[in-house]
Amino acid sequence: MSAHVEPPQRSFASDNAAGAHPAVLDAVVAANEGHALAYGSDPWTAGVANAFSAMFDADVTTLLTFSGTGANVLALGAALGRGEAVVCTRWSHITADETGAPERVLGTKLIELPSIDGKITVDALASLDHLRGVQHHAQPGVLSLTQVTELGTVYTPDEIADLVEAAHSRGMRVHLDGARLANAAAALGGVDALRAMTVGAGVDVVTFGGTKNGGLGAEAVIILDPALAGAAPYLRKQFNQLASKMRFISAQFLALLKDDLWLELATRSNRMASRLYEATSDIPGVTHEGPPEANSLFPVLPAEAIEPLREWCFFWPWDLERNQVRWMTAWDTTEDDVNRFAAGVAATVGD
Amino acid sequence: MSAHVEPPQRSFASDNAAGAHPAVLDAVVAANEGHALAYGSDPWTAGVANAFSAMFDADVTTLLTFSGTGANVLALGAALGRGEAVVCTRWSHITADETGAPERVLGTKLIELPSIDGKITVDALASLDHLRGVQHHAQPGVLSLTQVTELGTVYTPDEIADLVEAAHSRGMRVHLDGARLANAAAALGGVDALRAMTVGAGVDVVTFGGTKNGGLGAEAVIILDPALAGAAPYLRKQFNQLASKMRFISAQFLALLKDDLWLELATRSNRMASRLYEATSDIPGVTHEGPPEANSLFPVLPAEAIEPLREWCFFWPWDLERNQVRWMTAWDTTEDDVNRFAAGVAATVGD
Amino acid sequence: MSAHVEPPQRSFASDNAAGAHPAVLDAVVAANEGHALAYGSDPWTAGVANAFSAMFDADVTTLLTFSGTGANVLALGAALGRGEAVVCTRWSHITADETGAPERVLGTKLIELPSIDGKITVDALASLDHLRGVQHHAQPGVLSLTQVTELGTVYTPDEIADLVEAAHSRGMRVHLDGARLANAAAALGGVDALRAMTVGAGVDVVTFGGTKNGGLGAEAVIILDPALAGAAPYLRKQFNQLASKMRFISAQFLALLKDDLWLELATRSNRMASRLYEATSDIPGVTHEGPPEANSLFPVLPAEAIEPLREWCFFWPWDLERNQVRWMTAWDTTEDDVNRFAAGVAATVGD
Amino acid sequence: MSAHVEPPQRSFASDNAAGAHPAVLDAVVAANEGHALAYGSDPWTAGVANAFSAMFDADVTTLLTFSGTGANVLALGAALGRGEAVVCTRWSHITADETGAPERVLGTKLIELPSIDGKITVDALASLDHLRGVQHHAQPGVLSLTQVTELGTVYTPDEIADLVEAAHSRGMRVHLDGARLANAAAALGGVDALRAMTVGAGVDVVTFGGTKNGGLGAEAVIILDPALAGAAPYLRKQFNQLASKMRFISAQFLALLKDDLWLELATRSNRMASRLYEATSDIPGVTHEGPPEANSLFPVLPAEAIEPLREWCFFWPWDLERNQVRWMTAWDTTEDDVNRFAAGVAATVGD
């Protein structure tokens, strides 16, 4: 048993178990100056809109939301045509972990594609072609990709561009669920990569996450196709995502976007995942699928080690039939956290 | 023109133009300590649940949400039966100012009752009895009352109790939209009044607002009828209202509920509205309907004075055909704000 | 008491109390010849599409449905943009008598305009202009007119054209709920009038009723704006309106459209209403608002006469506070029915 | 080529390509006698309600609908609790062939279980247990079984009873999609089997199809659990399934239920499928999975024979990657049809 190893200060449960970055909190406190018009008619929100356009190097439309589910539903709602369906993988957060919010709020069907690594391929998309033009099937209208995927993998910009082309050639639009888009950008080289896999690849609408990456609670829907922007403000309120004191959400993004803090935090989180991989890959009994692409690992552990380890320092099981678990780093994970956790793993697995 | 009068520091536009109370911000900052499980499995959220049960003196179910619209939609969703409609007034926020969120998210019809003062009467409710049992009409299932009403009036606990009885006798449930319930409690005598007009009156589900009353962004759905509680957590996420870093919403309520800060702030806001009434009711050309019941005034002004005044210190028009505007105080309105504003009104109207 | 007067064979309850015209039944029986591909891929359905294009003298898209509510919901769904609301009168069937189907199936808000005579005016539409561009309000997207209105009045083609212009200038589309469009066409002069008040006036989508006018159960959505046609087949099935053995619905319309039988039946129904008006307008105690515009009358009767009359020959009350009832003729109402009914009214009211 | 073989009079495309049984048409014609109150307040509809209660030997609630999709959506809507999901197979008509109607109209998620033979097993249902009680997942609320399944297989009453027990023990309700329930009853022994696999097995709500089995267009939702019946009439109209001249739907069922005509027709259809199996199973190149359980066959044919055969006598492909097609018999399929079709198959495959 690893009881004699001191657990790390921060668990590897999820990046949303982390708190907010001090700069984010400072910005929120600083935004609390007197009165400001509600619902986004304030200077902080105007500043965020400009900052996102600069970051994407495009004249994007930015709508801030409360939550990732809210952002995804809004993004899909802005992109869906009449009666259309959304195509995603069976792992997609929108179908697996959002309590049916898209079906409920949008009245849309989600068509799940099989996927081994969390990614969609052009061939998988093409496998739905038999549905097209047949009145008994909701027509695939939006392709939703998750970047970083729910399985910790990262699409290359070329892969996304190919999927966008395949979707557009079928009259579909493309949504990028980027709850962890910062981690993908960090993995692929930074701001240029961010632009390449969104604007450059031809994506139509992006969910850009702030909460998991140092925020208190702040997500953004970035509309790249101007044709989808008109109805979005109304949909935002209709879907319960319009903040009255919006300046406090905007302030979070202003802090995260300033001097690319978002990228620095994601880079750190990714690096700690690599560090954790290195620190545990030689432990007998711990099997990794390979080095992490972003900030999560899905190791297989000896069955009897899982529960003691989780009691010692909480993390989530993934696929217990395979004895697979998930370890996730956050923006605030430290080398010391990694070292202690690895020590605990070694002590427990080695028991 | 009133250009020579210095405008107040804080406008009378809306209570959601105000910032957060320092104690709320302090609590948020203090909650930012290391990792905590997401989605409400944290000690702050457990504490809020206990605090609300204590405040209502009942074993209530508390679900925190991001926004008032979100809270209302969740409360209605928890209370509505299959295929049922919601009954409200034509002034109700849920029908007039939520961009069709209840219709969209819940698929429900809102039946609007006429009302002069923003209140519903038992007779008005009875006027819908011809709909009951007829398959061509969505059956009235939930009666939604707003307290403080959108017209600034306040139901007495007896009025609410009578409406609840009328609704329950028709098989309906009762929702109290309390975005400004604190102001109603302050107007009616405090915590005892809060209990009397909710638990005591037999209300089934309450939206309790925190945002307008010193919060950053924090609303609560308080379920008083245990039979409605079971599905509510799922509906919350389905309606995009589940916060991942919920501790930062919970911390706000912990600060507001501590030592009844919520009541102190609402009392101050109400008192400033009374003060504003007194300071302006003798100005020739300013016509009030009477003293304020809570924290808003709906004065009639000389037509030509409205725009200059709004440019000088912003507020919202209400019914411009009648030259009626709305002045609203907030938790942070000061005597000095009132005095300056009244001076500006006198200078402008007297021009 | 009128007990000694023999009641008519057919009541004046509603035109949907009537059966089917023999030619319609014959056509259904004749269509029962062997196998035919389901879901509209049959020659009868192709024939109906051609017949409607000829009748409207335009290349319209025709989608047959089961019911008037289904047709209205489909027409609105084809015309509504993202997040938009429908504008109608408080009398409109879609808001008053469809059990909330539009709200439920479309997730849309219905904005009710006041109206004395069941018609919408350009001024009434303009009264909603304050909603436009404000994110707190669902944007008016479709104007729904009922022709013949629920109050028995008939828009002139010019009135409709003016409303269409007012709607289009606001970016809205226009739906004509024509459950009794045949009666309106009959009142206004026939096929030319039908064209004038639809294609000519610039209407975007029409519900054309067959059931009340001699059908078994057959309604049609006629899409005049080709831009709205693409998604409609999918929406039809999504809204439960796609018939598998569609030939039996198509056959009904083929019979009704052949040699303008639909117009002949509606003309007869209207004429019988005029005849009933003439036969009862001199009876002391019976007050008509004026001669009927189509096939319904809304007379005011002595309070004590209403129930005995309804027991003698059923009809529906309309506004019992005013002692107002509704008498409606059908395609099969005969002179003898009118004479007997008028005799019974005279005998009862004169008691 | 089989061009020299005369194709059968009736194809094997689908049972909804067949017309109506003469007795059904006669009943519709006979129901066209004068006026009758609309929306089901007529003696034919009352008679159908009694007939279904007698047939199920239980005090069931019957709601007639226009279409199978409409009936399924209504049945699910009556059975679903707040925010719940439906569990079905990936083959289920409700998820594969209804254009997303359940998602759109009900706002519900459909959770698809894998299945080889179109049936759900208790183990497959249990595989969803990890979703239960977790707020990130819509809670499984209704288990929807199709009988006869979309793959032509038939559940035994015991299999259904076991699934009902498994579902009820999890707080779920059970829906039986019986578009071809008559064929299942015929396969399992008639009325006793019908009762055993519905009332006896504890099913909560049944869709009972009439259209495919000799009707013009007539489906029924049979509610076995009285607790689900209250809201159903309102849902029926809300979902666009309330017929105004309902007597013409009721008359169809009166004809089908009289002297168990429904069972006679289904028995004939099943027998013709067996006959077709026998007539083709010895043809070299035709591979059957086994004898039919009801009225469909899913043979594998030589790739090059499929298109010529379909051009000669239309049927639907099923899984062309496997060269699998579907042959379906109907209530009116004759021995001669079978013999001719088998001759054509032999001639074509043998080419």
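We call the chains A, B, C and D, going by the order they appear; numbering starts again at 1 in every chain.
Quick note on the criterion: a contact is a pair of C-beta atoms (placed from the backbone, for glycine too) under 8 Å apart; a residue touches a chain by one contact, two chains touch by 3 or more.
Fair warning: this is a prediction, and the values are worked out from it, not measured in the lab.
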Selected pair, greater C-beta contact count between C-D and A-D: C-D
Which listed pair, A-B, A-C or B-C, duplicates the contacts of B-D in over half of its pairs: A-C
Chain at maximum distance from subunit C, centres defined as averaged CA atoms: A
Approximate Å spacing (C-alpha centroids) for the pair subunit A, subunit C: 50
Gap in Å, rounded to a whole number, between the CA centres of subunit D and subunit C: 34
Rounded Å distance, subunit A centre to subunit D centre (Cα mean): 42
Numbers and ranges of subunit B residues touching at least 2 other chains: 83, 98-100, 104-105, 107, 135-138, 234, 237-238, 242
Touch list for subunit B against partner subunit C, complex: 83, 85, 95-100, 103-105, 107-110, 112, 135-138
Contact set on subunit D toward subunit B in their complex: 39, 77-78, 80-84, 107, 135-139, 231, 233-238, 242
Contacting residues of subunit B [partner subunit A, same complex]: 9-11, 13-14, 16-20, 25, 28-29, 31-38, 66-70, 73, 98-101, 104-105, 211-212, 215-217, 234, 237-245, 248-249, 314, 330
